[in-house]
Amino acid sequence: MWAMAMKELRQMRRDRRTLAMMILLPVLLLVVFGYAASFDVDRVRTVVVGPLAQEVAGGLPDRLQVVETRADLGREGAVEALRDGEAVVAVVTGANGDAAILVDGADLFSARSVVTELRGRPELPAPEILFNPGLDTSTIMVPGLMGVVLVFVGTIATALGVVRERQSGTLEQLAVMPFRPRDVLLGKLLPYLGVAAVDLVVIVAAGMLLFDVPFVGSPLVFALGAVAFLFVTVGAGVLISTVSETQGQAIQLAMMIMLPQILLSGLIFPLQAMAAGVRWIGYLLPLTYFVQVARGVMVKGTPIDALLLPLGMLAVLGLAVLGLSIARFRRDLAPAGRRHRHDEVATVGAGAR
Amino acid sequence: MSDLAVAHGASRRFGDLLAVDDVHLRVGAGEVVGLIGANGSGKTTLIRLLLGLLPPTAGQVRLFGEPPSRHTRARLGYVPQSLGLYDDLTVAENLAFSAGAFGVHDTAALQGDLAAVRDVLVHELPLGLRRRVAFAIALGHHPDLLVLDEPTSGVDPLQRARLWETIRASAEDGAGVLVSTHHMSEAEQCDRLLVLANGRVAAEGTMDEVVGGTRAVEVRTGRWEEAFTALDAAGLPVSLVGKALRVPGADREAVGRPLAGAGVDADLGIVPASFEEAFVVLAAGRAA
Amino acid sequence: MSAAAGRWGVDGLGVRYGGRAALDDVTFEVAARSVAAVVGGDGAGKTSLLRALAGTVRPSAGTVRRPDDRRIGYVSAGPGVWADLTVEENLDFAGRAYGLGAGRLRSRTAELLERTGLGEARGRLAGRLSGGMRQKLALAMALLHEPALLILDEPTTGVDPVSRVELWRLVAGAAAGGAAVALATTYLDEAERAATVLVLDQGRALLAGTPDEVLAAVPGRVVEAEARPQGVPAWRRGARWRAWSPDGSPLPGTTEVAMDLEDAVVVAQLAREQRSAA
C-alpha cells in the first residue's frame, strides 16, 4: 500500500497542471470571496438633470455619487443616460415639481442598494425603477448565462476538437494532405460556431418565454456582440489546443480560464462592489464585455453607439487571441511551406536554423 | 526439467465464442517458448489464462504446479507490450514501486547504462532503453517464469540482440520464458514454437518443424509488374521480394497458367517458404 | 534532378529539432515502380526522413525532390485514421481532401475496399478495427488518388502476420501500378524484400544499396557457436551466439553461416560503436 501512495505522490509532484489547479484554485477562491464577493454597492453613479441640478446635487445622500450635472437635459435625457449606462441613478429636477428619481433596474444590486437607502429618506421622491421594474434576478442573469454557454462551447469544445486530432496522431496525416492551414482551422471551427449560434437562439427564446426576459433592443447589435465574443472564445480554444497534448490537459486549462471569468466578470457579483485591486481583473476578461452588451441590448435597449467600448474591447481581444492561435496552429500544420503547383518541388535546406 | 507453466486441454468460452479451444502448452525451466498467433487467434486470452487473470471454462491451467493465485503471481514476471512503466516517474522510482509491490527488498542494483539513467524520467528515454528498464524491473523480484509480449518490437538489430542476451541469461539462470509474438525475428529466437489459429494449436515444434515442408513458387521475370497483375487478378497471394515474385502454398501449374494467359515469360522455381508465408498457409488451413 | 523519370528522394539531408540533429547528411532515392526501404531502430531518424520527403518538416540542409502534394500518399506510423468515423467516412474524407470527383471517388472506394478485404467492415468505426485492418484502411486512404509517391512509416509494426502479407501485396500492387514507394521499417526481413535499402543509425547512414550490395559491402565473415566466442564482437541469435571475424579468419569452435541483412546491420553497428569508443 505504501508503495502505491509513494508512487502517486511522486507522479502528482510532476503533474504541473493538476498542481496548479490544486493550489491556484483555492487562492482564486480566497481572493474572490475576500475581495470580490459582495452584493453591497457603496457608491452608485448618478447624474442630476434639470434646472435645479446644481443645487440638488449637493444635497443627495452620499451613496449617490454624482458624476455629472446637466441642467439642459430633461426626463428624456435622463432615461437615455440610464439606458446608455452612463449612470445608474438619474435625478430629475423640475421647476414645476415634476421631480423624479430614476433607477436603472438592470443594474440589479446597485438599484437595490439605492432603493433601500431612499426608503430612509421620505423627503425625496420615491424611486422609479426602469427597465427591470420587478428587480428580477433572472432578467439580468439569463443574458449573462448566455455568455457562459458561449464560453463553454467556444473554448472547451473547440479545444477538445483540435486536441483530439493531436492526441490520435491524425494531425500529422492532415499535414500531408493538400489542405491549407486555414482550410483545416475554419473547417474545424465551423460546426462549433454553428452549434453555438443555435444554443444562443434557444437560450434567448427560453429566456423570453419561460423567464419573461425582455428583448428590447436591436437583435443585430446583439448578434454583433455575440460574434465578437465567439471570436475570442474560439480563439482561446484553439490557443489552448496548441499547448495541450491530451484532452485532459485541454479541459484543465479551459476550466482554469473559465472559472475566473464566471466569478469576476460581473456576472454574479457586481463589478462596482469589488475592491478596486480585484476589479481590474474583471476589465481584462472578455465575458465582462459580453455581459454588458447582452444586458444592455436585451434589458435596456441600449443602442450601438453606447456600446462601442465593450464591442471594441471584444474585437481587440478577439483579433489578438485568434491571431496568436492561428500563428501557432499553422506552425503545427505547415512548417515546410508546401504550397506548390508544379510537378517537382526542390526544397533547399535553410542552413543552420 | 520441471514444468513451470502448464495448460492442459484449456478452453475458454465467452458466450458463443470459443476463444481458446483445447490447448496444450507447457513451459519448462531454462527454455524459451514462442507463442504465435494472428489477431483473434486466442493468443491474448491464452496468456490471460496462464497469468491467472481468467479462469478456464474447461481443462486446467497450472503455474508452478498449482492453479494461478496471488501467491503464484509473486513468482511471475510479466512485461506487456506497453511495458507497464510509469512515464512520469524516473527509472529508480519505477523500480522502487515494483519492489514495494512485490515486497522485495534486495533488488539487484541497476547495471551499466541503466544505472546511468536511474534518475531520468521514463518518457525521456528512447524505446530500446525503456524496454531494458522494463525487463530489469520484471526481473527485479527474481521470478521463475517470465511472460513477455512482443519484447523486441520497434528496436534495431543490435538492441534486439542485446535484449535477447538478457532474456537468454535469465533462461540460463533457470527461469522459463514465454514470448508472445507476431514476428519472425522473435520467433526464430525461441527454442520451441506454438502456433495458434482460431483458438486451437495449428502447429508446434521448432521453427524448421513448423515451417516444415511449406513451399513457395518463385517467379523471376523482366516484366514483374505484368506478372504481378496477372497473378493478383487470378486471386493468388503473390508478394514482391526485391525484383522476384513469390506465391506461397501453390504449385508450378497454378502459377504458370495465369502467367501464360497474360503472355508473360518467366522462370519458375520451388523454394522453401518463409515463416510468414508458412504461417499464413497454416492459418488459412485452420480456418477451413 | 530527373524528376520526369519519377526519381524522388533526398540528397545530403539534414533535419534538426531544436538543438538536436535528427538526420545528418542522408541521401535516399526512391524510384517509380520499386520499393525503397529505410531501416533503423527507434530514434534512428526514419520518421524524420519520411517527413522531410512528405514535406511536413523543413530540412536544415540538403535538398528534397518530391511531387506536388496532390500526388503524394502518406501513411503515418500510428496510423492516421479517424477513429470516430467509419471506414467509409474515412475514405470519403480522404477522397475529398485530394479533390477526387464524386464518380471517381465512388469507383476507387469500391475497388480499394475489395482489394483490402474491408468491404464487410465498411460501416464499422475505424477505432474498432484490429491493428491490421486499420493499417489497411490507412493504406487504402493513401492510395485513393493513385499517388506518384507513396510513403509508409512502419506499416507493419504490431500487425499480425496474415494482415502483414496482405499489406505487402497491396504495396507491391501500388508499385506495379507505377508508384514510387518509400517504406520505413524496423524489420530486416521486410527490408530484404525491397529493391533498395538504407540503414540508419542515430541519424546517419550506416549501409545503403540493394540488399545484395549491402551484404557484399560487409567485410569478413559471420560465424555461429554454442558458447560465446571470445575476443571478437559477438551477439545472441536464438539459442546460439554469432560473432564477426573482421578479417575473415576462421575462429576455433565456430561454424560459418550465411550472413543475412540482420547480421550485416549488427556488424555495422558494432563496428561503428568500436570506432567511436576508440
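A, B and C are the chain letters, set down in written order, and residue numbers restart from 1 in every chain.
Keep this in mind: contacts are C-beta pairs under 8 Å (C-beta built on N, C-alpha and C of every residue); 3 or more make two chains touch, one makes a residue touch a chain.
Quick caveat: nothing in here was measured; it's all calculated off a predicted structure.
Distances between chain centres, each the mean of the C-alpha atoms, put B farthest from chain A.
Note on interfaces A-B and B-C: more C-beta pairs are in contact across B-C. Work out the mean CA point of chain A and of chain C, and you get 52 Å between them.
Put simply, the C-alpha centre of chain A and that of chain B have 58 angstrom between them.
Chain B and chain C have Cα centroids separated by 21 Å. Annotation for chain A: no residues touch two or more other chains.
Of all residues in chain B, those touching chain C in their complex are 32, 36-41, 81, 126-128, 150, 153-159, 161-162, 164-165, 168, 182-185, 188-191, 224-225, 228-229, 232, 237-243, 274-277, 279-280, 283. Looking at the complex, you find that chain A touches chain B at residues 2-4, 6-7, 10-11, 14-15. Residue ranges on chain C touching chain A, taken from their complex, read 1, 3, 13-14, 16, 51-52, 54-70, 72, 74, 76, 78-83, 94, 97-99.
Residues 168-170, 172-173, 175-179, 335-353 of chain A are the ones touching chain C in the complex. Touching chain B in their complex are the following residues of chain C: 33, 35, 39-44, 130-132, 154, 157-165, 168-169, 171-173, 175-177, 186-189, 192-195, 201, 210-211, 235-239, 262, 265-266, 269-270.
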